[in-house]
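Here chain A shows up in two complexes: once beside chain B, once beside chain C.
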Partner chain A sequence: MALLETEGLTKDFGGLRAVQDLALRVDEGEIVGLIGPNGSGKTTLFNLITGLHPATAGRIRFDDGRRELVGLAPHRITALGIARTFQNQRLFNHMTVLENVLVGLHCRTRSGIASILLGTRRSLEERRRAEARAGGLLSLFGDRLLPRASRPAWTLSYANRRRLEIARALAAEPRLLLLDEPAAGMNPTETRELMRDIKRIRERGVTILVIEHDMGVVRGICDRVAALDHGTKIAEGSFEEVRRSPAVLEAYLGRQAGRA
Partner chain B sequence: MAQPGFPRWAAVLGLVALVAPLAAPNDYWIGVMARICLYATLALGLNIVVGFAGLLDLGYVAFFGIGSYLYTFLASAHFGLHLPFLVTLPIVILLTAGSGILIGAPTLRLAGDYLAIVTLGFGEITYLLLINLDRPVNITGGPSGIVGIDPPAVAGFALSTNTHYYYLFLAALGLTLLASARLRHSRIGWAWQAIREDELAARAMGINTTVAKLQAFAIGASFAGIGGSFLASWQRSVFPENFLFTESINILAMVIVGGMGNLLGVVAGAALLVSLPEVFRDLQRYRLLAFGLMLMVLMVFRPQGLLSFERKESSDD
Partner chain C sequence: MADVLAILPQQLVFGLALGTVYGLVALGYTMVYGILFMINFAHGEIFMIGAYVGWWVLALLLQAQAGALHPAWVLPLMLLPAMLFTGALGVGLERFAYRPLYLRGATRLGPLISAIGASIFLQNAVMLTQGARMKVYMTSLLFPRDWRIQIAGASVSALVIVMVAVAGLMMWGLHLLVQRTTLGRSIRAVAEDREMAAIMGVNVRRVIALTFFMGSALGGAGGVLVGLYYTQIDFFMGYSAGLKAFTAAVLGGIGNIRGAMLGGLILGLVESLAVTFMNPAYKDVVAFVLLILVLVIRPTGLLGESVAARAKV
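Moving on to the complex of A and B:
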């Protein structure tokens, strides 16, 4: 089943065409890798899917074509079941680690102002459940995050911040998780741990679309890979197929090497 | 069940506040204490907008003025309406919250400096309306304001002395503190703080930022509605001069001096900024100079505010 499908997706920034006529399909349960040189439109694609940028043309369909995402506000898209992390971490730095995850639960909780002010049993109950759930998400990363739950997010190490971004995104209960360079800046040990964590997240029934430059990670976790260059898809298939594709070699290494 | 944000020593402070009038040297100081509670309530309201949601509102005094005049319209000889206090107050709170949404709505797409300037403009507009709406139909009484406002009466007991007002204002301060603490640790409070920290990420995390910001403006304004009603009924009169731009800055200074976002800090900031000018009264014409110097010293040595607890510097790198 196609969880996500784009068709003719195009995004212009003034005179620059960042994404051009892109058709991409992600099936439920897959881990799909998105590769391509810097500026090839990968992050723009994430911004289009999550509604942060309006698309210039084209369609983005979710949930086997049942939902059209183009034109929806970002919070509606999150509510439908898409969450993301950011390439340059965008944590809520002066909130605690636990509160960061609780923000992710916003769209899965209901208490209104009146019941919060009155301290109704239902709102207290909901908060207690939310805190328990947030703690559970932190414990996905073993003892990396949970013991630091009440610290401000900015005190975390680089790798832990990346982990917290993933936990926060999972709090929104996504069916599709978009990871933007999750391994960037991690050392080999942390990268191995991350690969294991991403696979575990898939086992929880979450489909994953991941932008990654570390080809070891892409080879290790992705069922399928799509390569972008200048906003268009230049190759798609298994990691080996894409790696051998002349268009991909050319995009990364230039024309001479592509011929060689 | 313990309320988060209210440690036990807060209860001790509450008890101290309850018996404080006994220790006051004279009625004048009880009046000062009443004003501290009144301004602390206002500062808590502004803290919701600035401290929690991170929206720099330089026109907060507009809501204070709107609340005062609404109370006056409903409980004075001006329009001949003499609604009882316990009826008037909820109406004023709701209407002031509504005015928060009205003034907040056009500013939703603005942030930072731009938001500050536009809200400053709304504050000035409100002041000019108060001054000029005595013609062609006399609504606000113009520059000479409105006098003859009903004192609050609850179940036949009319408040008259400063001590009465002190306890009324203290009760309201307790309630607004409780409301702030409950909101701070709720899904709405977390959404506000997320917007303050990174609005784009907040949107991507599923927060409807339009709704969340309007909620902040409405709740913040409703606190000013309480403060405005109190000022009008305590002074028994209202004047446009009560709601000048400097008052916005004064309330903002309480929030910043106390420690933005920290509830007891904001109350401490209000206590300090209301009482310092009184302490310096003996300095006569150098009073404001001393006051300004005090603020500068405070900001140099406690830039994070009086009670804003220093975040742990330790990192787990």
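Moving on to the complex of A and C:
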């Protein structure tokens, strides 16, 4: 089943075409890798899917073609079941680790403002449930985040901030998780741990589309890989197929290498 | 000098009363700035309109000859409509005067100029409907002049105690709301990264509207308290009071809620000390010199942090 499918997706920034006529399919339960040189349109694609940028043309369908995402506000798309992390970490730095995840739980909590202000039993119960769930998400990363739950997010180490971004994204109960360079800046040990964590998240029933430059990570976790260059898809298939594709070699290494 | 020292405790009490109300009104500036990075220059008029609503309630009660007026029920009856009305007015301003501008990506100057326009509009609207002459709060009917106690050489009226208590309670309530509730967490999330909060499913427009509601309602409550304290109100009172409260917000660090309370308190106390030790005409000079000094030494205010630091960490 195609959880996500784009068709003819195009995005122009003024005179620059960042994404061109892109067709991409992600099936339920897959981990799909998205590779390509800097500026090839990978993050722009994430911004289009999550509604941060309006698409210039084309369609983005979710849930086996049942929902059209183009034109929806970001929070509606989150509510439908798509969450993401950012390349340049965007945590709420002045909130605690736990609160960051609680914000992510937002679209799943029901209490209205009046009941929150009045502190009704239902809203208190909901709050306790939310805190328990947030704690559960933090414990996904072993003892990396949970013991630091009440510290401000800015005090976390780099790797822990990346983990917290993932925990926060998972709070929205996504069916599709978009990870933007999750391994960037991690050391080899942390990277291995991350690969294990990402696989575990898939086992929870979350489909994953991941942008990654570390080819070891892409090889290690992705069922399929799509390569972008100048906003178009230049290759798709297994990691090995894509790696051997002349178009990909050319995009990364230049024309000569592509021919050789 | 001896007689100056003799009136010092008294002046400190006045300073405390005024300072808590400055802080209350300053919260409106600082909350809106924290979330939209915009100075709501119409907030002084919101404060003034709060004073008028409170005056009307009191006038209607007197007209209805509702028997003995006791502040225990009359004061909530004045504060509640004033806060609801000014809160709704704040939401209306945001909806019609500011949102169309910031949604269309106007520069930060756009909503600012719109706010100045709204301020002039509201002043004139009140002048036309309520008249240009001042109105008198019948405070003495509510708080008899002999309701006062002696504390450390100062004569503290019941009204002053009530002012400090009401303002203090409201600040405490706001603090709890912002730090402990889901709504407060949404407000902090929107203040820190509006786009990210939206992606996380926070209804940003509703959070902004509620922030305006709360900030304006606190300003309206401040208007009622100041009206009771000074006993005279007019359509222009929001200008200087707004300027003072804005100063308090900047002094404490604009965008910072505790800063607004601290700034208000300091400003009120400094002003009352200036009146004690200098010619009262220099009261405002001292207040603004203090502001300039603080901004020279700490450009972000006492508790504020620089926007650059916020973006960096």
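What we mean here is this: the second predicted complex is superposed on the first by the 260 of 260 C-alpha atoms of A that agree within 3 Å, B and C clash if a C-alpha of one lies under 4 Å from a C-alpha of the other, contacts with A are read in each partner's own complex, and residues count from 1 in each chain.
As a working rule, a residue touches a chain if its C-beta (ideal position, glycine included) is under 8 Å from a C-beta of that chain, and two chains touch if they have at least 3 such contacts.
Keep in mind the model is a prediction, meaning the values are calculated, not measured.
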Quick one: chain B and chain C on chain A, clash or fit? clash
Quick check on the superposed pair: does A:Thr207 touch chain B, chain C, both, or neither? Answer first, second, both or neither. neither
When the two structures are laid over each other on chain A, which of chain B and chain C touches more residues of chain A? B
Please indicate which partner A:Ala79 is in contact with in the superposed arrangement: first for chain B, second for chain C, both, or neither. both
Answer with first, second, both or neither: which of chain B and chain C does A:Thr6 touch in the superposed model? neither
Can A:Gln20 be said to touch chain B (first), chain C (second), both, or neither? neither
Considering only touches as defined above, state whether A:Thr50 meets chain B (first), chain C (second), both or neither. both
One more residue to check, A:Met95. First (chain B), second (chain C), both or neither? both
Of the two partner chains, chain B (first) and chain C (second), which one does A:Leu156 touch, if any: first, second, both, or neither? first
May I ask you to decide whether A:Thr191 touches chain B, chain C, both, or neither, giving the answer as first, second, both or neither? neither
Both chain B and chain C touch chain A; at which residues? 50, 52, 73-75, 78-79, 84, 90, 92-95, 99, 102-104, 106-107, 109, 111, 113, 116-117, 123, 127, 154, 168, 172
For a test of understanding, state which residues of chain A touch chain C in their complex under the given definition. 50, 52, 73-75, 78-79, 84, 90, 92-95, 99, 102-104, 106-109, 111, 113, 116-117, 123, 127, 154, 168, 172
In the complex of these two chains, what residues of chain C are touching chain A? 177, 181-183, 185-186, 188-189, 192-193, 195-204, 210, 310, 313
Mind listing the chain B positions that touch chain A in their complex? 1, 179, 182-183, 185-188, 190-191, 193-194, 197-198, 200-209, 215, 219, 311-317
Would you mind writing out the residues of chain A in touch with chain B in their complex? 50, 52, 73-75, 78-79, 83-84, 86, 90-95, 99, 102-107, 109, 111, 113, 116-117, 119, 123-124, 126-127, 130, 148, 151-152, 154-158, 160, 168-169, 172
